[in-house]
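Here you go, one structure.
Chain nomenclature is as follows: A, B, C and D, assigned in order of appearance, with residue numbering initiated at 1 for each chain independently.
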Amino acid sequence: MALRSAQEYIEGIGKIHSKIYLGGERVTDVLDHPTTKTVIQANAKVYELSQDPEYREIMTAKSHLTGEVISRNLHICQNTKDLEMRAEMALLTSQKLGTCNYRCPGCDVLNGLASIIYEIDKDLGTEYYKRLMDFTRYLQKNDLAMSGGVTDTKGDRGKRPLQQDPDMFLHIVEKKSDGIMVRGAKQHQSGAYASDETLVMPTLAYREGEEDYAVAFAVANGTEGVTFICQYNPYTVERNTEADIHQLGNPIYGQRETSLVIFDDVFIPWERVFMCGEVHYTQRAVMRFAKMHRMNCGGACKVGFADLIIGATRMMAEFTGLAEIPHIITKLTRMAQISETSHACAIAAAHKGVEEPEGSGIFLPDDLFGNVAKLNTCYGFWEIMALAGDIAGGLPVTMPSEKDLDNPEIGPYIEKYLKSAVSARKRMRLAKFIQNWVAGLHGVGTWQGAGSAEAQMLTLHRIFDFESRKAMAKELAGL
Amino acid sequence: MALRSAQEYIEGIGKIHSKIYLGGERVTDVLDHPTTKTVIQANAKVYELSQDPEYREIMTAKSHLTGEVISRNLHICQNTKDLEMRAEMALLTSQKLGTCNYRCPGCDVLNGLASIIYEIDKDLGTEYYKRLMDFTRYLQKNDLAMSGGVTDTKGDRGKRPLQQDPDMFLHIVEKKSDGIMVRGAKQHQSGAYASDETLVMPTLAYREGEEDYAVAFAVANGTEGVTFICQYNPYTVERNTEADIHQLGNPIYGQRETSLVIFDDVFIPWERVFMCGEVHYTQRAVMRFAKMHRMNCGGACKVGFADLIIGATRMMAEFTGLAEIPHIITKLTRMAQISETSHACAIAAAHKGVEEPEGSGIFLPDDLFGNVAKLNTCYGFWEIMALAGDIAGGLPVTMPSEKDLDNPEIGPYIEKYLKSAVSARKRMRLAKFIQNWVAGLHGVGTWQGAGSAEAQMLTLHRIFDFESRKAMAKELAGL
Amino acid sequence: MALRSAQEYIEGIGKIHSKIYLGGERVTDVLDHPTTKTVIQANAKVYELSQDPEYREIMTAKSHLTGEVISRNLHICQNTKDLEMRAEMALLTSQKLGTCNYRCPGCDVLNGLASIIYEIDKDLGTEYYKRLMDFTRYLQKNDLAMSGGVTDTKGDRGKRPLQQDPDMFLHIVEKKSDGIMVRGAKQHQSGAYASDETLVMPTLAYREGEEDYAVAFAVANGTEGVTFICQYNPYTVERNTEADIHQLGNPIYGQRETSLVIFDDVFIPWERVFMCGEVHYTQRAVMRFAKMHRMNCGGACKVGFADLIIGATRMMAEFTGLAEIPHIITKLTRMAQISETSHACAIAAAHKGVEEPEGSGIFLPDDLFGNVAKLNTCYGFWEIMALAGDIAGGLPVTMPSEKDLDNPEIGPYIEKYLKSAVSARKRMRLAKFIQNWVAGLHGVGTWQGAGSAEAQMLTLHRIFDFESRKAMAKELAGL
Amino acid sequence: MALRSAQEYIEGIGKIHSKIYLGGERVTDVLDHPTTKTVIQANAKVYELSQDPEYREIMTAKSHLTGEVISRNLHICQNTKDLEMRAEMALLTSQKLGTCNYRCPGCDVLNGLASIIYEIDKDLGTEYYKRLMDFTRYLQKNDLAMSGGVTDTKGDRGKRPLQQDPDMFLHIVEKKSDGIMVRGAKQHQSGAYASDETLVMPTLAYREGEEDYAVAFAVANGTEGVTFICQYNPYTVERNTEADIHQLGNPIYGQRETSLVIFDDVFIPWERVFMCGEVHYTQRAVMRFAKMHRMNCGGACKVGFADLIIGATRMMAEFTGLAEIPHIITKLTRMAQISETSHACAIAAAHKGVEEPEGSGIFLPDDLFGNVAKLNTCYGFWEIMALAGDIAGGLPVTMPSEKDLDNPEIGPYIEKYLKSAVSARKRMRLAKFIQNWVAGLHGVGTWQGAGSAEAQMLTLHRIFDFESRKAMAKELAGL
């Protein structure tokens, strides 16, 4: 069973009884709760796409471990074509879902972690890589949904882990013969509660003395001590209380749903531990993950979102009779420029990817272009939102409800006064879809995903080869 | 009674039984409904500020009609100092409310309309100005809350009013001996249902043959045929269902609440009709209103909002221990630069204001600087949101609920893991306040209020004196 | 003689025999040298404008010392109207000259210095202010041209004055009974060699132990030990070798001409010493000057330049038949927006100016708006150049010479092929004028003048009242 | 002889006696004239690089016509790797020259023209493609330098060719048995006079009735009727009069040198005519050329320039002790981001290139990414200039001459006061190099090269697939 059906995935999740809380209450059936259900549905769609012959090249790969056709979400990239297809998968799922492919961070953690522990094993004689490959074989064989856990809660950001409550960063609290006990929390975890497994890695570069924090491991959902506390915002409330999902902005797949994942002394057996104390490798670990994730997040996933916004905005311009106005055309074209610029960066990052470390067979994207992809997207996505809001007009933020449209007394008013070149209902549905973007969670989410702009600036400053450019200038200037 | 108390205002509104709908249901008590109540409270606060000696210079003025101290919201500006104080009022109320001063558009329509009909009367021998002054005296004497109605629904924007359903623009359907009957709708009407009166004016430049559309009038809330259909979005649902308003982003005053106002054959007596068929004056009418409103909206109201965002973001940087990081300082300073740039434009617009038309005693802001104020704000406000989202981190869009904090099982987790330099609750409340801005309705609202960026560009192109600049260049270039 | 004629100014300069070098050679007649002459002509024009009744309100003021009508360049601002007129003067002279009013920095140093030494005297019982007023009386009585000297050469910017060659910052090398000896250099000195006097002040905030650097004084041109070494760049060479100045981009007034001014043990008598060792006042000294200069430089002078560029660009669009194309209109309007935004900031800075220090009678602009003016201009001016280059096309950088037009063999080709809606000569003259801006020294000059963008950011961060904004947010968020 | 040496190229040019004018005078020896010599030297360097084993993969290719190793400048791209190397060549030559690879437009015209005439032949049965391949074989065999001629002078841009002087667009004035006579001019021709051949193509989309304008041909330098009138600007004068080229900003290779190329009834034999009247193919002809040229110009050539500016700016920061200041680091990183963004677009354009038309074997870059590359560069390059000017300080525009440094009287002053962490001479040379960029011709040149930003916007609007994005949005929104 290398590729599960959507139904098989859903059934699998149904059997796991994770501790999930939302809005102060325990979620007892993750499959049916209005909000958690959107994550299930998004994941199910990804399973479905993987079985669709039209998307096979993008959504699946041939395992380098087993030779079987597997979900690309569980694949370790073996060449630049794989990297390109990995980015294409991110683009496609965004276009199809309008929210996260929730298996995306897990995939990028898997690749980044494989790369660094291959190196650790070589340097230190450990056998993390073998363990991770065994685990990967297991994932692939069962086509499991895996999320990735990276971001710690950090507490006071001006302080190191040991200068404050030591649990503000996830760490080992005990080493036992059969495994380790870990404590801490990972935040902003997209779709974690609807996964089968979570792959956890360090959040930043640790120093000597902080060895307990240099830990990577896998943990199955439902494991004792793991609790998911879901995000809760106006969009959550709207969905929880709305009987007719078609009146929501992204009816089926919703907003990106994250949770705060608590690890309250969770036991991890050694075969699921992939890093344990190697502080000197933590910075590189983060960078390897970031290479993958910035390319995919900045240059593909958000390009797919932008495609949806551009398409919706163009449609709205047509609905209101404005599509041929020069400034509208200029703005729509500008939106395309922004979006395709990030896309180009991802393509360049994939195409210029290299094996890392040498001999590992693992390919990672070019760091420079991956970071540039994300950086351009940080600023560009907000501009796309602004321009969408310009063209769509005030309606996405001032619109009444379809319930008003359905009310016999005032429905005719809405029908009459909100029609344009199309019916009021059609226009309202599109306005609601646009509301989901221009007055929602995605501006901040896009900026912060895969690290905020400053993280990319720091990386870019570190990796950009200023010396070679100085040499060029020196030669020409005759210095 | 030149200045009513907040309580008197509320009692007044309580006596009016407007037809208001929200989410498909009739709102029977506007004073108590969770959403409409926020508008009442915002207005009440404005009444309160007017009686506060600290804000007297800003919030009140001496009526040029009666010599009495009145609310500046009902004042017709008599000099540049008045203009400056008008803008200061917009700034102050935004800082205090974090939402609309809902009397603001009414004030700007009053000033703009007074200016143009003074001119109409002079040209055509009509007596609109006298009527409007009588009405203004009535407003001032009773210190009424008045909203302004400008934006028609427009239908297919590529078509003129008579090329489509003629009701897509508000117009006169019958002239009678004692008044007129009007039909149509005004959309995006901020706080209209919580006002005593609404002052309506044309939405754009009408042409010959479209005389029925060149109409301005006042209508009391509660008048037969007027229906308010409220906006409805995730924020509405959250507020409607939340028992503890302190868990909301702007607890007392909420988001800006608008409605679609339907005029279904409403009778307006002649003494409340201030324009009736003068199509040649409609473009100027819109421009006079825009002069006032772009200065106030772009250069003052949104500056007040920006102050709140900047203050909150700075506080969050302190909460998380990041306040001294160079890039955080740069970003906060950039936010201040953007905001104060718009502020400067408003000050220049007020300071360079002139009497218009000559002899009227009415002062309007400088058109160029008012438009530039708004234009800078359109783009700048989104950038402020982006930077706030950068500094505040992902929490404003991934945060759980305070309900989770209050849950005995998981509350301790939240308390532990979301604390930083301050307690989790404090940090969450601030994150929720920031959510209200960076994931809310204000981005689009700010862009569209007082006309979208393109409206300002068009005006700017028309009024900027290219000829004098050509002459300067010509002289220097020796052409 | 409160207002000299242009001729009188020129005669005055002719009598001074300053040591001036340009391109490695001594300039023996500053009045006739092709390059230095442009500065003389610019200054002469400013004298001329001061006598022109049309510009009297802008170009002259009533001395608070003598009650006489004087050049505004020598005036100490007494109220906000003065500040506004000061900025208007900067705007007007830029529009008329297309280069520096070379008396501008002197004027701003005079005002800034007067303000700080009034304070020093009050605090320390010195009598600098009286000395400066005596000197000012002398300047006013003789209507002298005075430049201002602020920027030291600084050497290695990572080091303090005493950590490197101590002369990298201008300082006192000896105190005598009758005066002081100073050594060092001031760079980027606009038009200094064509002035009668130079008023020198400290370049930055000095600390205890650096007392010798806390020095301000006036020095007459021609004083022993002062040497001017002029800037030299492609524009210099072009002008030096061109027989027909009408073939140059700004025929009469040229590019902004600066020099490196060397002070090689120059004696300054005590009555011309205005600060001597008061290190604790140096930071404030710089800030007071900056207040004046950032308003004038960023919000007025460069607005005048922008007016010329906008006028020329619009004309070029007409010459080439492009003036009605939508994107051209949008770009020209954007140029106006940028320019008028800075202008608005200057107006606000002047209008919000206050007496400083209290009781001094000296008015300085609002610091916040002055800094914002300059900051907006830093970025905006480059964008204006970019847009001018867009609309004017490639010609400003690929054009042949009018010499080609005058050559009988190829002149007809140029005449034929470079004509458009106007003759080739007319178009070429305008292209040359635009070349002067878009391929010249003004981009960098504008950015660096009155301090680079970062200097404004630092100031803005220091003066923006974050605390009051935090308080507003706190109150609304219910914290 | 598939690869000539630099010396052979120079000797070849020496034998051609083109009619060249500069500054109103005939240039009789193109090899020695200070200005035209820079073009010779730049071309010579390109020949030299082609023979350098280090750059072989980039600078040479295997001819698809002869199988021989040829200059990539004469190669027709056969696959995406070729496209990528084509862009790499543009990057490398910019880094090495700091000015044009003057063979670049010729190469892109060759590729674009080959593509369209392959299609014309197929559609219309003409034999242009065979002719062009014969000519290409000749070029390759002799390793000739070829420039490309695209941009007509256009006259009044609001008028079509036949509505004004018909010669404002290059056209056929006579068809003869052995060839055609052409008249008109091409402007902005980079380095044309230092080439062996020029390949000319139409400048825009012609319509029926304008058949005489749909003409493409090759013409050897030195042909009767062809005249080159060189650009002339401050940089030209500086170079023409400077004895020591090391005192110039780009000592050996200079600024980009262009000329206006006049075709005064030039005879072209049929075997050199590659298009003759096929108006319906002119739009596509321009687009095919633009595909190549926008990728190379926007995404590679200017990236090389940016590398030089970044390298020089970073060095200057080190020279002045500022390299570790946070805002300097941020600005340098931002410069890298801008530059590498355009670079990524070129890589994506090459990588996504396709055979066009099918069966031709000719590969052209992806249109979307090529246009986006150029568009980003238009705006980005000005920002890079602005930031370079920020970090380098005022010196690049206020610096004196090295002649001053060499003057015994004032040299010591310069030596003393302009030193920093390095000697004054070193700092001045670097400042002069930076002056060449930030106060030179490249801002406008970069914007206009390969068409101005608006040309890219128009193309982007045409080619971006809005329909597929509308469909995605429609599906998700449930419309």
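Definition applied: a contact is a pair of C-beta atoms (placed from the backbone, for glycine too) under 8 Å apart; a residue touches a chain by one contact, two chains touch by 3 or more.
No experiment lies behind these values; they were computed from the predicted model shown.
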Greatest centre-to-centre gap (Cα means) from subunit D is with chain B
Contact-richer chain pair [A-C vs B-C]:
B-C
How far is the middle of subunit B from the middle of subunit C, if each middle is the mean of its Cα atoms, in Å?
41
Expressed in whole Å, how far the mean CA point of subunit A lies from that of subunit C is 52
Can you check how far apart subunit C and subunit D are, centre to centre, with Cα atoms defining each centre and the answer in Å?
38
Check each residue of subunit A and list the ones that touch at least two other chains.
327, 330, 457
As the complex stands, subunit D meets subunit A at residues 95-98, 246, 250-253, 307-312, 314-315, 329-330, 332-334, 336-337, 340-341, 343-345, 347-349, 351-352, 368-369, 372-373, 375-376, 426, 429-430, 432-433, 457, 460-461, 464, 466, 468-474, 476-479
Which part of subunit A faces subunit B closely enough to touch in the complex?
21, 23-26, 151, 153-159, 165, 167-168, 185, 187-188, 227, 229-235, 237-238, 241-242, 258-260, 262, 264, 320-322, 324, 327, 378-379, 382-383, 385-386, 389-390, 392-401, 403-404, 406-407, 409-410, 413-414, 416-421, 435, 438-441, 443-445, 447-448, 452-454, 457
Going by the contact rule at the top, pick out the subunit C residues touching subunit A in the complex.
326-327, 330
